[in-house]
Amino acid sequence: MHIETLIWLIPLPPVLAFAMIVLFAHRSNRLSHFLAIGSMLISWGLAMVVFGNAVTTKDLGHHPFQVSIPWLPMGETAFRIGVMIDPLSAVTLFFVAWTCLAIFVYSIGYHNFGKPRDPGDRPGLPPHAGGIEPMYARFFAFISLFAFGMLTLVLSDNLLLLFIGWEIMGLCSYLLIGFWYGKPSARDAMVKAFMTTRVGDVFMLLGLAYLYSATGTLSYREILFNEHVLSALAATPSVIPVLSTAGMIGLLLFIGTVGKSAQWPLHVWLPDAMEGPTPVSAMIHAAAMVSAGVYLIVRFFPLITAGWHEGGALTPTMTVIAFIGAFTALFAATIALAQNDIKRVLAYSTISQLGYMVAAVGIGAFVAAAFHLITHAFFKALLFLGSGSVIHGVEHGARETGEHLDPNDMMNMGGLRKKMPITFWTFLIGGFALSGFPLITAGFWSKDEILADAFAHGHWAVFLTLALAALLTAFYTMRQIALTFLGEPRTEAAKHAHESVWTMTLPLVVLAVFAVGAGWAGIPEHFPVIGGLLPNWMHEFVSGSLLEHPEALEFNPVPLLVSVAVALGGLTLGWLAYRRVPAGGEDPLKRPLGPVHTVLKNKYYFDEFYAAVFVRPAYWLAETFTYRWLDRGVIDGFLHWVGRTALRVGSFLRNYVDLPIVNGAGDAVGEGVKRSGRIIRVIQTGRVQEYLIIGVVFAGVLISYLLLLRP
Amino acid sequence: MIPLSWFLIFAALLFCVGLYGALARRNAIAILMAIELMLNAVNINLVAFWRYLGPEAVSGQAFALVVFAVAASEAAVGLALMISIYRRRHTVAVEEIDMMKW
Amino acid sequence: MTILQIIFLLTAFLTLLAALRVVTSPSMVHAALWLILALAGVAVVFILLNATFLAVVQVAVYIDAIAIMIIIVVMLTRGAVRGQGHTVSKTWWAAALSALVMLTGLLVMLLQAPVRGALPPTLPLDQEAFLERLGQALVDVNQYILPFEVASVLLVAAMVGAIIVAWPLFVRRGEEER
Amino acid sequence: MDSFWIDPFSFIGSQLAAWLTGLGLAENWVSLILQLVGALALGTAVLILTFLLIWAERKIVARIQDRLGPNRVGPYGIFQTVADLLKLVTKELITPEGADLLPYNLAPLLAVMSVVGLWAVIPMAPTLLGADIHVGVLYIVSVGSIGTLGILLAGLSSNNKYALLGAFRTVALMISYAVPMALALLVPVLLAGSMSMQEIVLAQKGLPFLLLAPVAALIFFVSSIAEVGRAPFDLLEAESEIVAGFHIEYSGLKFGMFFVAEFLHAFTISALTAVLFMGGWRGPWAEQYTALGFLYFLVKTSLVYFVVIWIRGSFPRIRIDQMNALNWKLITPVALAGLVVTAVAEKVALELGAPRLLTHLAGNALLIFAAAAGLGAYARAARRRSELLAKASKAEAPAG
């Protein structure tokens, strides 16, 4: 069997599982999750085979596995739909497969499979008494479809198919965030997420169309691996004077990324998306969707950086991207400082980490961005699942003690280290990876890569911003760990919490292994001690996706030291600050920061700001302007006037034209026919003889005429 | 010898008598008889022309034979119709058989 | 005035008389009898025209078959004929008029006919051989086989149709439908 | 001019002609008178012959029924019929109430006329026949069925329901049986290649058609008996059902006419059978001595007539449904098939030079066999049907 055939087959099992669950299997929970996980297992196996092939293939970058078929005829050309495996999609496929599989397995335990269904549970509401999820089968159907979308996006060889997968994921995130549609907050969150990402998607679609009109194709190879196309795009100016066509397209696509990956200013939906079940959070915010956004710009790195030479000045597009990325990184990190909801903290950290990647792309650090994408996917998925496990434990404790509290609030936790050791250790690994604990964790290597790149090319602003963000990251990570696991239990529920089932802990362990090991694939070879023990495989492999390989950076101690310092410093500060927080004690940061803390806690009032600036005007526009004035007043008025006029015209026509003239004529004809008929009918006696007489008389007349009168 | 015109006049008279009967009688059977008379007149003409104009050719008598066949079938069907009409309406007076009028 | 002429005139006179009685006599039975007489007269005319075969066929077909059928039907429908006074319809004058028109037309045509005074040529061959020729001509592909076959088909169709139409079964069914 | 002994009939004719021309009459008038005289003589002769026939029939039937029959008037009661005639003549001519006079009086004339008219074309001797018209067979068919008209008129006109029933029976019978009779008549025509009676007789030189087409001969014989309406087909005057049938209202000489017509008609069909199938006047030296031929003719006719009487004395009368069934289900199809078979056999004999007699006999044998097989199948089917009906009624009996 050819490898391409395998690639075709990878996305199919989940969608088949989706269809089968929705159509047939939704009555049986067990059958449903067997279908979903079985299909995901098949996809995972295929993906691993493909990945193995890809890794062992020489010079994959220039000869990727690619197969495509014409799909949508467009005049003389046709949209081709196909699959491609090049280094970038290979590594992406790798972590997507792993994380998705882990999340699938995790979902079983998370939704209390095997517990009896609690009679009090209603579909659309989270099970409050630890019973099985009422819409268990539906959940698996949705995440299967989600996995299908993600795999499609990763494997596609052109922008159109990528966009299709992209939108499938958008739909699924909408459905999954609102999975518990009984909760008003979930409803609002789903609508918010959908709307916000819609903004980005519209621009992305614009960019797509622009790209197609400019190049006449959407295939990666024909655009990104084509020197002439790139240079032409870079040379031709676009509608906006300062931007070249390439820059314009890149910017539009990047706005799509901003929406999908929740970059500032479209980041607001991501924290609210925490309303969904935790596996969904992990799925959306680690494995799939947000990664998809970054994957898009990383994939289109050659287009974005077209006209830029390594070490040269950044193009306007790159500047914008770098700025937004760096700013988002810092901004989100600051918000994360003041959040108490364990998942919200992770959400904001996700935003800031994505900011790292975006900034990396902005400054042209392709390999670093891809590297951090992978490592981040692993340890962030780990963290989310861990937090879910923690919440599960606390909920369990709350059910036992029967006290009503928010199981997500870290202030209600503490001292869970002894209660749930596996969760603790895996969470610790994830946290250290996030905060970039030196040398061992994956996060250190990837983040250090970015910093080093920024430093090496002299983007000071970016470098400093990211360094500060790294410090804050380490700090709030430690804060989270300390508040959750260290110290003494601050509530009864925390006391009675205990470890989750194996289906939840096993994925944690697996992901923890990757959270540590994934980094070793990309150790720079000039690193002092351990450099060169392992070849910088990541750099060699992934950079194959580009036309000309960026050369590896020469070693520079400054960024290394900085990153080590910020990581360790942040961790220690956080540990010192939150080592022991008493029950009911307030956040130690509150006093020193003062009002700033409130601002941070309220996320810079961004939601309120948007509500004031966009939402309420939108309401007003819809309610008052459009509905009242335009619709009621203008359009309806006009229509009513037209209707009344038509009515008058019609009555006039009826009374003065139709009745007298037309009907009169018709009646006249009818009456005439009737009268003449009444006159003539006497001829038609129905007696054959008389007919015959008439005929004979005429025949006689005719004969006599023929014989006598005719000469 | 007899001139041809005698036969023709005789045939014409017979035909017109038959015609009058076909047009004037009330009884359908009488009409049928009158039609037979007309057919006979036609036959007389045919045979007379054969005899006087072309005794060599067989056409005159052949036509006469065909006329016989037609007359026979016509009589058969007509009489059957009358029987069934009589069964249904208990009359054979043609002016009472006027279902075909308005 | 030869014998043949006398015979012809007598026959013609009788035939026309019988025909007139046919179309005028109030009683259907009498009309049928007069019809038979008229048909016999026509047969005699055929004989005078040296068409013995046709004369015999005339007797066989008309007198034996058609006349008898007519008489039978007259008897079957006797009740209908009785009690209905008039033998002719109200439009008899129009019928007479049209008949006269037709007669005048025919006579005028006759007067214009070029052959009206023609005398019969001597019969070229004896009737036996002529009859043979006639028979062969009727089944000859180049002459009259088509009319012959059509006539036979017509006869069969008429027979079937007569049976179907006069079948009491159908009458009963029709009456049930009413 | 041959002598009287050789050919008496033409001798008389020539003598008469000579005498008339001696009176100074035109040629055509002479021929006309001669024809009239001949017709008169012929008619009278056959009518007088009837006396003999009636006497013979009564005697024979009496013998068959083991009686003496008429034996008072004259030797062997030979003048019995004359006495009857006198009685009839002296009787009153009754005309029933509401009778339709014209047809009522016309009917007996027609009946007699048709029978006597038949004799015009029957060749009784090489030189003794009324008119040798070339469509004699057709003439027989048409004129013979004029008798039907007479009977019908009699039944209709005499205002009497039995007469009407008889008339209808007659018409049904005669119209039906005219079909197979005509078909059977076509066989000798086909064999002789002519419709003239004399030609047919001449064509039977040494080989009467009775041997060539026995089936056709039988069919003709049977259907002619039916045509005449004699036993076993005498249901038009079935005394037990309709008192005397069509002539119930007739009395005196009019009845006598029907009476004569019936007997004479029977003798006539015997003569026709003899002429058409048994070679008529053919016999040794018949050509030379025409009187001899006349003798042969009388002998053959009497033979057939005896068979007719024999049948009348032997067979019971058949029901009307049996009569129709017999005709339409057996005789007419067989007659049709016989015509075809004869034509094919004749053609075969002509083209392939096969022996004529054998070919025709084989064809007729085949025909008989097929007819017998068909009859057997029909009988079996009928029997099965009746058995089924019986079973059904038996099954119902206890239930009902």
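Note that the chains are named A, B, C and D in the order they appear, and that numbering of residues resets to 1 at the start of each chain.
Simple rule for what comes next: a contact is a pair of C-beta atoms (placed from the backbone, for glycine too) under 8 Å apart; a residue touches a chain by one contact, two chains touch by 3 or more.
Values in this document were obtained by computation on a predicted structure and should not be read as measured data.
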{"item": "Far-end chain from chain C, centres as C-alpha averages", "value": "A"}
{"item": "Of A-C and C-D, whichever chain pair has more C-beta contact pairs", "value": "C-D"}
{"item": "Between chain A and chain C, centroid-to-centroid distance (C-alpha), Å", "value": "103"}
{"item": "Centre-of-Cα separation between chain D and chain C, whole angstrom", "value": "28"}
{"item": "Centre-of-Cα separation between chain D and chain B, whole angstrom", "value": "33"}
{"item": "Separation of mean Cα positions, chain C and chain B [Å, integer]", "value": "5"}
{"item": "For chain A, residues that touch 2 or more chains besides their own", "value": "687, 689, 693, 696"}
{"item": "Shared interface positions of chain B, touching two or more other chains", "value": "19, 23-24, 94-95"}
{"item": "Shared interface positions of chain D, touching two or more other chains", "value": "none"}
{"item": "Interchain contacts (touch definition) - all pairs", "value": "A-B, A-C, B-C, C-D"}
{"item": "Chain D residues touching chain C - in the complex, by the definition given at the top", "value": "28-29, 32, 100, 102-103, 106, 133-135, 138-139, 141-143, 145-146, 148-149, 152-153, 156-157, 164, 168, 171, 175, 178, 194-196"}
{"item": "Chain C to chain A touching residues, read off their complex", "value": "89, 91, 94-95, 97-99, 101-102, 104-105, 108-109, 112"}
{"item": "Residues of chain C defined as touching chain B within the complex", "value": "2, 4-5, 8, 12, 15-16, 19-20, 22-23, 28, 31-32, 35, 38-39, 42, 45-46, 48-51, 53-54, 57-58, 61-62, 65-66, 69-70, 72-74, 76-77, 79-81, 84, 86-92, 94-96, 98-100, 102-103, 106-107, 110, 113, 115-121, 123-124, 130, 133-134, 137-138, 143-144, 147-148, 151-152, 154-155, 157-159, 161-163, 165-166, 168, 170-171, 174-175"}
{"item": "Complex interface listing, chain A residues touching chain C", "value": "687, 689-690, 693, 696-697, 699-701, 703-704, 707-708"}
{"item": "List of chain B residues in touch with chain A within their complex", "value": "19, 22-24, 31, 94-95, 97-102"}
